[in-house]
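In what follows, a structure is listed as structure tokens, so that the remarks can point back to it.
In this document, chain identifiers A, B, C and D correspond to the written order of the chains, with residue numbering beginning at 1 in each.
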Amino acid sequence: MQPRPLPSHDALRHAADTALAAGRSKLGEGGVATYIPELAKADPRHLGLAIATVDGQQIAVGDADVPFTLQSASKPFALARVLDIVGDALFEKVGVEPSGDAFNSIVKLEQEQGRPRNPLINAGALVVCGYLPGPTAGDRIAGLQRFFADVSGGAEYPVHEPTWRSEEATGYRNRALANFMRQYGVLGETELALDTYFRQSAMQATARTLARLALFLAHRGVDPGSGTVALTPQHNRTVLALMATCGLYDEAGRFATRVGLPAKSAVSGAIVAVVPGTLAIAAYSPALNARGNSVAGAAALAHLTEALGLSVFG
Amino acid sequence: MQPRPLPSHDALRHAADTALAAGRSKLGEGGVATYIPELAKADPRHLGLAIATVDGQQIAVGDADVPFTLQSASKPFALARVLDIVGDALFEKVGVEPSGDAFNSIVKLEQEQGRPRNPLINAGALVVCGYLPGPTAGDRIAGLQRFFADVSGGAEYPVHEPTWRSEEATGYRNRALANFMRQYGVLGETELALDTYFRQSAMQATARTLARLALFLAHRGVDPGSGTVALTPQHNRTVLALMATCGLYDEAGRFATRVGLPAKSAVSGAIVAVVPGTLAIAAYSPALNARGNSVAGAAALAHLTEALGLSVFG
Amino acid sequence: MQPRPLPSHDALRHAADTALAAGRSKLGEGGVATYIPELAKADPRHLGLAIATVDGQQIAVGDADVPFTLQSASKPFALARVLDIVGDALFEKVGVEPSGDAFNSIVKLEQEQGRPRNPLINAGALVVCGYLPGPTAGDRIAGLQRFFADVSGGAEYPVHEPTWRSEEATGYRNRALANFMRQYGVLGETELALDTYFRQSAMQATARTLARLALFLAHRGVDPGSGTVALTPQHNRTVLALMATCGLYDEAGRFATRVGLPAKSAVSGAIVAVVPGTLAIAAYSPALNARGNSVAGAAALAHLTEALGLSVFG
Amino acid sequence: MQPRPLPSHDALRHAADTALAAGRSKLGEGGVATYIPELAKADPRHLGLAIATVDGQQIAVGDADVPFTLQSASKPFALARVLDIVGDALFEKVGVEPSGDAFNSIVKLEQEQGRPRNPLINAGALVVCGYLPGPTAGDRIAGLQRFFADVSGGAEYPVHEPTWRSEEATGYRNRALANFMRQYGVLGETELALDTYFRQSAMQATARTLARLALFLAHRGVDPGSGTVALTPQHNRTVLALMATCGLYDEAGRFATRVGLPAKSAVSGAIVAVVPGTLAIAAYSPALNARGNSVAGAAALAHLTEALGLSVFG
């Protein structure tokens, strides 16, 4: 089928402005993550929103240039990279179904012989980290940074060292998940996967760079700026399908009814969403609801998709 | 945004023919459901495929006029009806998240105080049945039949009595679910809900009538033939979002990566899928895979969506 | 081995008096069950304690003649009856292991194909009810009453009709358990088992009659008064082993460390305990702790076993 | 109460001989553990049985001097040591209830905020290891060896280094459990606890030394040989109660009905059992049933307790 026509720049700009206002009305609700000191330092009044379209438009409003760590918002991109390298063989080690449990739950991992439900929960993302190319975690992250830069016009995604070190020092639960999967032979080297995971989570972006980074996901796997092919259209659909069903922790269904876009949220307050064939959106606001999703970010996204009729569900 | 242009009639017809061939190549795999005699009688060689478009086209190939009982494929339509009557208050009694468990599991129901995860698993569908209007199960089903007829050009959906009676006589698990929810006050009258549920599951359609019935879901809640408003655009999106995340039992994720459409499958071998803004599809072939989904039906759908680029994920 | 010498009457009497005082110091803690009106009417200040010894002594202190419904304290006796009739074939339908979950949980029932973990949780007790002899629930209960009378010197255990009717009218969870097991063929007739179960739970005793009823369990299956053989020594040990590991809901371990006797508690506030080879004890006090066990009753039992060195663990 | 009279030496000897024969009739059933090479080397034809009585008798028949690693049979003794040092404060970090799940399950650990169900499953034993005194794992094990020697007439319990190293190299699941508990603050230092645990599991004994080691548990916490007080009578009862309810993995109930003694089994094929006030028994035969318990060892124990009437349940 033909792609749907893009909204005009003015329409996008207007929608972004009113979405920002809608999101701002939620500032004050929820709270920033506090399990590591670096996240607790975030300013809960920040709200940034950015849009990148497949025809090259970029819109950024509010605190769209405030850096944050990608945390779980890095997962779809690492998944895209690994899917392009490993192919569907990845799914021998990790499933493609919603877990129905919390993002860091270990229960289903026991019931299902160490095979994580999907690549967007922590256990599954550790498996993905285990497949990134490179002999060391440093090499793997450097490779990921190059890939991110290649598909996003050269933007940089530096590892925020205090966050990385803090996650590494306190990541007992992820360490438990990794050892549990190692027991079943699902993960080969726990330390390498964990080291990569902690660094990847601490990679920094802004709403502006994150929207731009996600643009290839809206363009069947090809960065429309450089023409760089990130992955095949089929694998790209797989990433989007997983975002749609598993991207919002245990609010995937609610987000689907409210926003209706493939998306991935992060404990830092980022949410990245994709309108297939059209555009990518990133929202950032660090105060989270009880499910771990950005309150103001989700509100801004809901407003934006409603205003522009972006939901994939009509 | 503008809706996407519709494929031409020739393109649809050609795609349907090749999808039928692709599905037929899978006949012989899987097996028909046998838990009640009526389902066991289905002919595993049957494969029907039908398409209805928002601009009034209808395509039907293969065994598109063979009647089958709707079973779980009735759930999205009962949900649509109840959402229009009750509104979001429904979601006080039933959630909107994937369960991560089997469609008839009772585990999460215990963990979550009797509130079903979503309206498309059996427990949630029983809650929906509890909200259908009418003093008796007979009245409720008659009302549902009128609603179905109103939005599908007058087609009929008779209750297949032997199937209904058979399900009623053996439905211990659904009876367990209903009593469990009653314990928590989530369900008010177990017998009325169960009686309605067993009859609703036994309503008959064909691939042709089912595709036509689903057309309002592809048209923001309005039947494009009669102009009948079934439910608001927002509630319509909710139904589609739930189909996309919870519609294929514990293959929701795999179906999303493979087909990429909101859909609902049934133990009778039906699958109904929706391309928002564009068209509705029904496939019927009674031999199921281990997850309870039609083997040939899913293969035909995968072929059709690939050929026409229908996936909502691009 | 030789049985241990019995404590003297004076020692028993003195220990019972001080145990009563110890239990009374806990009156005011906990609360009576309120899920049906009849249980809520119990006087939380009541505390009765009774001992029956294999050499014919009977001690009763406090409110030992206040009637209460047996509830779950009936389970070991129905089990004894059925074990004598059916033998170890019973354990094809019900296990002998602690469940690790609440007494009325349905989770393991799903994981284990409808086979209850043990005969002292509700699901398992329903299976036992399904094996009691007699064509109707009334016949089954009349048979149980005769058995109880035979082994306890003719005492009567009438069904308290308001309690029975109330449990029957509100027992949705037990109805769910029964239907769930029916689904797996573990239970044959749900209504007969449920009807029997609700009546059995409503059979009345006093601390005095309950201690006397349990005496055969302390005497290798033989009522020392009448010489009536209730069941074989081996089956009697099975009942006691199940009481020891599964008798106190999810406080079995704590009760084992604190009291150290095979016992069964009930939501009415009864606890029946057995010192193999020696004596049986019943305590009654209706205020329960959060785990559903009698606060004052458990305290009195702990004092009594400590004072007389009755723990099977030395 | 008075303790029960001891069986005569001749009666014990005769019962041990016939129990050995009964156990030997089961040789050939089951299989040795193979998850590490050292366990796989065990000779499945070995069967040893030893009894130590509180009045100083010792009986040893069959392969009672073949060394094996204690594995989980070390858990009650480490628990006894820690209970004597830490007291009931231990139970703030670990429960006293049967888990209802496998000995190495992580499911309940997630549901219950990292607090293991009891000290005899792996997670709970790791918590116990965390409380053993000493700055290093080597110190802790040396202290445990001294304690074991003190209460068992000077016997030695050397760490079998190949087993230790092999468990350490492959113990991913225990590493997962430790990190999971660390996440919740239940365990302080994961590496120290794990290091101690792997060494403790590899401590060697024979049926003869293990029966002698367990004698204090049969004697209210006091070694009858040396008069050494290992722990208080109340804590001793706690250890026995936990063995009775949680000592045989998920066969605790079956073992209670069949043998009726507090006991602990091990993957090496050891089972240690205690007759309170009377004697201790150790059986060793490395071929295990599907639940991880020694086939011939359990058969010998069942015969012995039946012949001598040792069951605590009469």
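Note that in this section contacts are C-beta pairs under 8 Å (C-beta built on N, C-alpha and C of every residue); 3 or more make two chains touch, one makes a residue touch a chain.
Nothing here was measured: the structure is a model prediction, and the numbers come from that model.
Undergrad: Determine, using the mean of C-alpha atoms as each chain's centre, which chain is farthest from chain B.
TA: D
Undergrad: Have a look at where chain A meets chain B and say same if over half of the interface residue numbers show up on both copies, different if under half do.
TA: Counting which numbers both chains contribute, over half are shared, so the two copies meet through the same residues.
Undergrad: Counting in whole Å, what is the centre-to-centre distance of chain A and chain D, each centre being its mean C-alpha position?
TA: Spacing between the chain centres: roughly 48 Å.
Undergrad: Taking each chain's centre as the mean position of its Cα atoms, how many Å separate chain B from chain D?
TA: About 56 Å, centre to centre.
Undergrad: Using mean CA coordinates as chain centres, what's the chain A-chain B distance in Å?
TA: 31
Undergrad: Of all residues in chain A, which are in touch with two or more distinct other chains?
TA: none
Undergrad: Have a look at which chains touch which and call the overall pattern line, ring, star, complete or other.
TA: ring
Undergrad: Show me, using the given definition of touch, all chain pairs that touch one another.
TA: Contacting pairs: A-B, A-D, B-C, C-D.
Undergrad: If you look only at chain C, which of its residues touch chain D in the complex?
TA: It comes out as residues 1-5, 7, 95-101, 108, 117-118, 218-220, 233, 236-238, 240-242, 244-246, 250-254, 256-257, 260, 262, 276-278, 308-314.
Undergrad: With touch defined as at the start, can you tell me which chain A residues reach chain D in the complex?
TA: Where chain A meets chain D, its residues are 105-107, 109-111, 172-173, 175-180, 182-183, 190.
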